[in-house]
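In what follows, chain A forms one complex with chain B and a second complex with chain C.
After this line comes the complex of A and B, so read on.
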């Protein structure tokens, strides 16, 4: 009899927890998506419709004008915007490729070898993540000037590469740690050189890690603002985060246009992320949880 | 484990790049902090001033105000991001239909650029046409237009909300992974012993999450301390300096007022703070490593 009452009590308390969990998730989801929904709704309004009080919660006359204006290559605004978009795509892609090429051997070494100073090096890599971009702005700007890279995409790629590397190495190391060393040893006994074992045995197994690292680098480069804002002053070189700012704050802010621009700017990273979510999430948590 | 002279070759490319782009700026910043450098940054004309820049920093009227705001910003952002992330991780731990989709949606703010987020929230907070103010009016909480970010008493907190929106899902994803390492058998054993849901959470789950929580909190603290984009774009540190935090202040000193030496002195102090945090970070990360290496 007591057992029955006890289990009934427990049941009720579990349910209470579960329901408060659900309520919490609903509220949190609202907090998360409301701003994005409002961004999209605003982007479908005319400038006049956006500037009304109280606001039109749903656009009375929804229009895609803001989007067509931004994506129309014959107009001045469209031309500039597409140019920024292309610059962002170029810089992010090159950064990503280089980051993977440099991080793969480094991460492999950190995972496999015990060389003197290995720990020191690895923590130097991690600690780098802790210093703010602003601190590096002045010296890097001077360095870029000395290298003749100011107002080129090279300055951004070099910077993003450096600041993306610590994390890329860390993420990849987590994956290499999970690949049993016996696999390579077996390959070497079968006559493969260490390099061959690396290329033919380890590399294919670490593909998920490489995908995750690539998404991470790409998103990081795509979203970066501070260096792009400092290193690039020529309109033609600007990337999206800097470019859209130039656009809309010249006179009165065109809020629907700005919302459409932020929407377009967010689409590539959000799509990339949602499609490859599982790699991304796994890589991010690998290092923190495994210990 | 094998060792060979060639092992360094694997790390060499990464090291080389980082040496140029990291070691040099650090050295340069430290040097700059001991000199008075003309606005043009022409290094030939700099004069050695010892610790003058540092005493300027520590005695300036705005130093404590900015420091206090930085502490509020960092502590509140970290606290609420962690709590929301922990709540979400616990609520998402049990499998249900649509969980992956929900997790994906919750992670979007973390993926989109801070620039986009800042503009969207700036529009939401707009004092004349903002949706949040209109919503508060509609439900009768306020009357007339509401000023969130053009008002020096609320601006810092309004920005903290944006920051929490942007980064709580980072804590969520870390803690979700952490939860998977809590052994189901322990929870069940506690349940058999009559522990309530709260007791199971507090005495079984939380101690198991300690490692991940430490790393997550440290990463959040570092990230918040170093935030720049949200205050810079949304308020530019204003109104009347009410959203000025260390980083935006350094930027203003160096780039807007060409006060290079003082800005560099701030940056060096920031280095030192980060070093202390970094020490704890590394310790939290390596606690398991040492155990494994010893085994």
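After this line comes the complex of A and C, so read on.
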């Protein structure tokens, strides 16, 4: 009998913890999701409805006007917006491609080869990430100016690479460390050159890592604001985070338009995540368990 | 098939010599086991033969061709790894086909060879599976299949059985031995398990500290170990070694007793560089008595381990542990005083200073 009551008591205490945990998660979820919901709701309102007080919890007259305005290439706002969007896409994509192209061989070398200065170099790579990004703002601006890159996308791509590469190299190195070296040795004995062993055996196995790395650098570049704001003054060069600012005007901010633009800006990231999340999770948990 | 010749092979990392002046010849069709404790240089030696590591010195030839500077892919070898190293993203079929694809064989021929190898190893029903869907024994077979599908000159095997459970290991041991006989394959096989080496190999190369200690048939290594390391490494239980001193025609113990030597053994003992001698004896050559008999020495029983058909006893003699095998009918108890009789014709004498086996001059 005592055993039964004891286990009952224990079960109840476990449940109490579980429920408080769930409550906490629900609060956390609300905290993260609410702004997004409000963003979407506001983007469906008219300018007048957005400013009403007390607020309309649900738009009385939902409208897609804000979206059509942004995506209409014949209008002035649409033209600008699509141009910023294209700039962002271009900068982020090139950054991602370059990051992967550089990080893959670098990470592989750090993982597989023993060369003089290896530990120092790897530490130096990580050292970059120990400083806040803003610290480099002025030095990099001076550097870009000297190189004549101010007001070009090249300045942003170079800057984003300095942020994205260390993380990409670090992430990928962990990935290569987990691929048994015997697989490459087997491939080399089976008739592959060192390079072929890398291409045919190592690369397919590191695809999840490469995808995760790509997502990281893409999102990093896509969302970056401070450097884009500093390096770019020409309107034709601006990326989305900077361009969206133009919705704040001196007299009246176009809130629904701003929210619609923000929503469209977050779409590529969300889609990328949803499509590739299984690789992403695998990359972050790789090596956690033996398999 | 072809032979392998190692001549003065060296591999050093800075001042650390992983492989130190190793020379031996593997004849065509021979099964040679490289055996030794972990860190003795056996796997490094195998990797040097494979070409996975650059040599620091010496020559390696495979089938009358010096391969020192050849890539692994050009050495005409196949290798089976301890962790099998099957390509995890490829099916069994593609794992087997990979070495053939790399050599750009026509598709039909690849298919024929893969099917043949699969039939030989009884893995035809597994061809469409991924490696992770296979049991350890099945993975082992696939690894063997990938090695033999190409019909290489030499098979290199790096502890291929050590990841298997005990029962499967015994089974795969006989399969690999059978595989060697059927294919008349030249095999260089690395293991830390002397029993695998003794049971499977035509010859065994015992290594320690980067040096080749002895290279001979298992029977000869067992019967005539060249030094105390080989003596204590080969055989289970190991050969017992008792440090003693020469005194005239006898070996004397600090405990006070003396063991008279036969004339042949006296001549051997005379070859020692110092007075120190290590007496070696295998468990099966010793006799246990409950009272003093001529030519026996006193000892104290430490443990008694019945295994069914034979009982092993460990006896302390002069501070050294001596293994003895007994008939199960013999009843002795721990801490009992016993007398151990040595077989003068089958005892081993080693130089106490150099650890080398002493030969009759």
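Note that in this section the second predicted complex is superposed on the first by the 275 of 291 C-alpha atoms of A that agree within 3 Å, B and C clash if a C-alpha of one lies under 4 Å from a C-alpha of the other, contacts with A are read in each partner's own complex, and residues count from 1 in each chain.
Methods note: a contact is a pair of C-beta atoms (placed from the backbone, for glycine too) under 8 Å apart; a residue touches a chain by one contact, two chains touch by 3 or more.
Everything numeric in this text was worked out from a predicted model, so none of it was measured.
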- Message: If you tally the residues of chain A touched by each partner, is the higher count for chain B or for chain C?
- Response: B
- Applying the touch criterion given at the start, work out whether A:222 contacts chain B, chain C, both or neither, answering first, second, both or neither. first
- Once the shared chain is lined up, is A:86 touching chain B (first), chain C (second), both, or neither of them? neither
- A:162 contacts which: chain B (first), chain C (second), both, neither? first
- When the two structures are overlaid on chain A, which partner does A:109 contact: first (chain B), second (chain C), both, or neither? first
- Message: Which partner chains sit in contact with A:187 here, chain B, chain C, both or neither? Use first/second/both/neither.
- Response: second
- Touching A:17 in the superposition: chain B (first), chain C (second), both, neither? first
- Item | Intersection of the chain A residues that touch chain B with those that touch chain C | 291
- Message: Please output the residues of chain A touching chain B within their complex, sorted ascending.
- Response: 6, 10, 13-14, 17-18, 21-22, 24-25, 28-29, 31-33, 35-36, 38-39, 42, 50-55, 102-103, 105-106, 108-110, 112-115, 121, 123-140, 142-143, 158-159, 161-163, 165-166, 169, 194, 219, 222-223, 225-226, 230, 241, 244-245, 255, 258-259, 262, 265-266, 269-270, 273-274, 277, 281, 284-285, 287-291
- Note on the structure: So, in the complex, the side of chain A touching chain C is made of residues 180, 182-183, 185-193, 196, 200-201, 204-205, 291
- Partner chain A, residues of chain B touching it in the complex: 1-3, 7-11, 13-15, 17-18, 20-22, 24-26, 28-29, 32, 41, 84, 87-88, 90-92, 94, 100, 102-109, 111-117, 119-121, 123-124, 126, 128-129, 131, 134, 137-138, 145, 165, 169, 173-174, 176-178, 180-181, 191, 194, 196-197, 211-212, 215-216, 222, 225-226, 228-229, 233, 247, 250-251, 254-255, 260, 263-264, 267, 270-271, 274-275, 277-278, 281-282, 285-289, 292
- Parts of chain C lying in touch with chain A, wherever the complex brings them together: 47, 50, 52, 71-73, 75, 77-79, 81-83, 85, 87-89, 98-99, 102-103, 132, 146, 150, 156
